[in-house]
Amino acid sequence: MSDLAPPHIRSRVDLIQYGRALDCVHCGLCLPACPTYDLFAREGTGPRGRVYLMRGLAEGEIRPAPTVLRDLDLCLVCRACEPVCPSGVRFGEMMEFCRAHILEPARPPGRGLRLRRFVARHLFNRPRLLHALAVLLLLYDRLGLRRLLCSYGVLEYFSPELALRDSFLPRIPRWSERRRLPRRTAARGATRGRVALLEGCVAPLLLGRVNHATARVLAEQGFEVLVPRRRTCCGALSAHFGQLGAARAAARRTIAAFQALGPIDAVLSNSAGCGAMMKDYGRLLEEAEGASAAEVRAAHGFAARVRDVTEFLADQGIRPVPGRVEARVAYAAACHLAHAQRVTAAPLELLRAVPGLELVPLERADRCCGAGGLYNALHPRESLALLEAHVEDLRRSGADTLATANPGCLLQWRAGVERAGLAVEVCHPVELLDRAARVAGR
Amino acid sequence: MLPLERLRRIVGAEHVLSAPEETFPYECDALTWLRRRPAAVVLPGGTAETAAVVAALAEAGLPFVARGAGTGLSAGALCPAGGVVIETARMKRLLALDPWNRLARVECGIANAEVSRAAEAHGLFFAPDPSSQHVCTIGGNIAENAGGPHTFKYGATARHVLALTVVLPDGRVLHTGSPLADPSGYDLTGLLVGTEGTCAIVTEATLKLTPVPPAVETLLLAFRGVEDACAAVQRVIASGLEPCTMEVMDGATIAAVEASVNAAGYPRDAGAVLILEFDGGGAAVAESAERAERLCRELEVLACERARDRAHRLKLWKGRKGAFGAMGRLAPDLLVQDAVVPRSRLAEVSARVLEIGREQGVRLSNVLHAGDGNLHPNISYDRRDADETRRVLEACACILSACVAAGGTLSGEHGIGLEKRDFMHLVYGVSDVEKMRAVRDVFNGRALLNPDKVLPAREQQTP
Amino acid sequence: MIERLQRLLGDGGAWEVARDGEVARELGAPRALVAAPRDLEQCAAVLRIAAEAGRAVVPWGGGQHQRLGNVPRADLVLVTSGLAGIVDHDEADQTIVARAGTRLADLVAAVRARGQFLPLDPAGLARATIGGVVAAGVNGPYRSGFGLPRDLLLGARTAHSDGARAACGGRLVKNVTGFDLHRLYHGSLGTLAVLGEVSLRLLPLPEREATLALGFDDLERLDAFVLAFRAAGLAAASYVLVHGPLLAGNGLEGGAAELARDGMFVVLLRFHGTERGVGESLARTRELLGRAAPAAELEAPEDVQAPLWLACREAFAGVSPDGGGAVLRLTFLPHAGERSVLGGVVESVAALVAGAGARAAFYAEPGLGVLRVLLPEPPGEELLARLQAFARREEGRQLVVESAPASWRQGRDVLLGTLPHAALARALKAALDPAGILSPGRLYPEEPR
């Protein structure tokens, strides 16, 4: 193959990525799985067309013109096209590489780009900065500014675009829910093992309840839970934005933080996006310029121990859940759980283990909700179009609770439910297990 | 001159693509060695918009072509030089479902499988089932008179289309056929199905739905080679049994499928597998499956397995439906050839096809809709390699000649398109093609719509 | 012209029609010539001669469906009886190629003798030719289960008025090579080309055949059955409704004689399949009868099946033995939501017929929404107008006069204004029949010259 590749493709990594574009035989079986093709119907907004664009860029057939950037940026990287691809095209990796090496250099310079790069490279590795932003957001909310701007339609009047973005802004929970997890939580009853849990970068600020519930459920299920001293970001958002250098730095920090915990059975995440990223650390560092063999080996070793919390519990066997939760629950699969990690049955198994809980079917439950990294911030209108279709499906399902296993999806669904005025609680599957146990007085 | 402003006014600016980078991904369908970049791509939102777009292009004297999901395998949706692609991807609404009369009225851009999905709750389905059925559009199915594994029992698309709304190449809208039986006049619906979008652009269709058979039995039989599998097919048919489908895959295909995400559990040591399916009433189906199993066991069958349940059946089928994509993993490009021979000649011609592959030095595997005598030799290659591409095309020419020589023809379901236009003389004489052309000219006299497909140019009609 | 034809075909190949003969009666053309070519080349030559002389040609197979459509201009009748015989019956491939003038009955028998099955049984089967049946686009009781000849047709060879011969399709069961012009010729009533040869798909001969006759004297019950049968999704080889008296005598004795009683509407169902499969279909159909109990029921014994279906197929001949009657065809969507409309339509039409002081028998295909009103004599103007008004009252209904004596059809449009796309149809005719001499006026009225 190498002698047929265009001359400017030289490095080994370039070749690997270029070769992936050649896996695609243009059959189009991916199209029905793609949320943005469904929405826009342009070839460039579907996986087949995007692969074709990437190949065209690599072969120098086309330039990274604004329309190309637009269509490739509209990709959610939900990776729903991967499980349905008969040729096994690794679309997510290609998109990540393309953003890093072709799109990033081609972006028009300006303030927007500088902000974008700062966010992608630095924000999530700066817990204090994140915290400061959270406080600002909290003030905006609590001082009534938000109500003033939104309830009376002021923002809508001046800028519908901003009003839309505002509706995706998460609510900052009260302080008690923003506490960090204890460094160690002891197992209840007979101990089945010792695990380490990733807290995440944004999750502790916005979804502390999920983290606390996860630790309690793991303990209840017989696992000792350790948490690294240093809060780290896994690097997924950086990678998503094509900042592979920042992503690799995050990966190295994360691996080091967990190594410091000593021997553990598994590294767990309750965030599908983070889990998918950590499972991919081996490849990420393998493709890094100048990574040592030992480092790559360590990354592969680490990645092999990463599990989503639902996957882990289902694998280990779920102990009978005490208590009861009367709820009609719809489960929406997070893309990075279902498509990237291919974990589809485990969350349902967990939910079925909760006495009293009734699972109701949700149409297109494995379709991206539009959260896609920071998609809702960058493409609010498109994100909303995807979300609203789902919220309508949710309404029809008759569920009173929606469970999904990824922070971005949780926040997105909450925004959608709130906009539609639905009385539906949005939570992580482990929260329902936790609630059952607490009902039982544990 | 491209009437871009007028087109934008008709369909909205975001649905007119004219930058070279935007039209680039439309330069080919699933037959990738034939490529032509359109001058523009227009995505109308319905019949009226399509008609207005066509009228604008006709006035400007520009050639154009309708394109569905671009899954075609004969370059049928390839844009005419300097022309415009009218893409139907936005026209995907299910307009009406009448379960009691077993009718569905749809827009042409809806995916084939979506129709069946919508009808499922009423115990009905749309019978034509091309391998790309989750993607390919009804409009494309109608243009190509598409078939699939179950065509053997249920017939190709032409038998399941009752009425059409089409846009003629001058922009007029025509309604043909009727959901009623025996509409008066010429069967324009039947005529237009299979004309590969060279006479009119289908924008809406009324489809006949079929009751989902209450029971299905699927058998997977493994053989030493394709010859044995074809013998089994003949044996089953001669016995008077009526399977709904008979699919054969050769050893190379089995290996590719088993190495892909669609691994179906086919025995890797077999030289061929046969998927045999019966549908209908429970007792009849069970009886037929038992009999077929007995018949095949009298032959040299290596293994015989009956699908235990729906999940197992779907898995067996997933391998078959994903066979082409799985072959695609072997090289950057894949050419899925399509030809038909009388069923009784299938084994012999299949062997000849493999021989041609060896002679030309190309990587070739074979999938057969054996009940219909339909061969799909798959050739893996790299279009960047000019010499390999030449050998692939040479192999294709040899395969088509061999099929025609055995009493067969050029295409069973993929269509003639541009790929096989210049092979038409193998099957039809000059006056045969003249009559077809005369009919095309009634609809498409200026030859602006899809001008260079199916019918060879007059000067190329004789070899 | 007769000399030129005789030079081409030999003295016995062309003659003048008998003034009181069949051709004269069916076409109302007592001065026409007849030409009997023996192969497709001669067909084309005959057409060229006629085209040069500006004479209108009507292709003629067995003369069984000449009453369809309007009365064409007819100067020359091209009989296809000289183009008879099976060209190739490939048993292994289950296909047959036959010359157009082959009698359908011969074809059906030949196929059957080799364990295969051609599901065509139109009225006039005994004399009809395969070419004629394809050109007419008709089928009998098998229509409900197997469709029209169109659904079996794989290809054709044709002769055209410019003297050309052409082929389309082939003899393969799956074929998308070139345009399927044979689907256009099907049902074109000889107005586009002369069929010389057709190829058809065959089926295996069913292992078992069973016939169930259900007599309803109550149209509501009939509708309940039609609805239940549709909901059950059962597949029948034939599914028709006939007036009981039309079946009288055909072995319906004892209790079964009840079926042939006046006022009885008989649903005739025929199932094909394996031993167990047919048993299953019968059993499942009987299960439906709980909610829609017929007044009489019979599983026809072996020796009664064939006569019953023959009576059914030739129901019109039963009403109008001398051929002086007429058939009106009303088509409609069989269901309005979860309701069968057949009973209501039959009731309304029966009332209109009775109100006009006429008599009629009914023959219907409940699954397809086709009701044929069989009249012993052509309808009066008032009855026709009333039936047309009934058909127009609701969307999705169409009424045409399917068959009537030439004398009655002369000067009328028996298709009652239902023909669409006149300009396009004329252009198609001009493309395939450039001289404009094939059955002119049979479908679309001729343009004034």
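Just so it is clear, A, B and C label the chains in written order, and each chain counts residues from 1 on its own.
In this section, a contact is a pair of C-beta atoms (placed from the backbone, for glycine too) under 8 Å apart; a residue touches a chain by one contact, two chains touch by 3 or more.
Values in this document were obtained by computation on a predicted structure and should not be read as measured data.
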>> Taking each chain's centre as the mean of its C-alpha atoms, which one lies nearest the mean of all protein C-alpha atoms here?
In response: B
> Looking at CA centres, what chain is most distant from subunit A?
Replying inline: C
> What whole-number Å value describes the gap between the mean CA coordinates of subunit A and subunit C?
Replying inline: 64
> Whole-Å distance, subunit B centre to subunit C centre, using C-alpha means?
Replying inline: 32
> Per the centroid of Cα atoms for each chain, what is the distance between subunit A and subunit B, given in Å?
Replying inline: 38
> Residues of subunit B touching subunit C in their complex?
Replying inline: 98, 100-101, 123, 144-145, 147, 151-152, 155-156, 158-159, 174-176, 178-188, 190-191, 193-195, 211-212, 214, 234, 237-238, 240-242, 280-288, 340-344, 369, 372-374, 407-416, 420, 424, 427-429, 431-436, 438-443, 454-455
>> Can you tell me which positions in subunit B touch subunit A when the two form their complex?
In response: 17, 19-22, 24-26, 28-30, 32, 41, 43, 69-71, 87, 89-90, 111, 113, 132, 134-136, 260-262, 322-329, 332-334, 382, 384-385
>> For the complex, give me every residue of subunit A touching subunit B.
In response: 1, 4, 22-29, 31-32, 37, 41-44, 48-49, 52-53, 56, 61-63, 65, 67-68, 71, 83, 85-88
> In their complex, what parts of subunit C are in touch with subunit B?
Replying inline: 90, 92-95, 115, 137, 147, 150-151, 158, 160, 164-168, 170-181, 183-184, 186-188, 192, 203-205, 207, 230, 233, 235, 273-281, 284, 329, 331-339, 365, 368-370, 396-398, 400, 415, 418-421, 424-425, 427-428, 430-432, 443-444
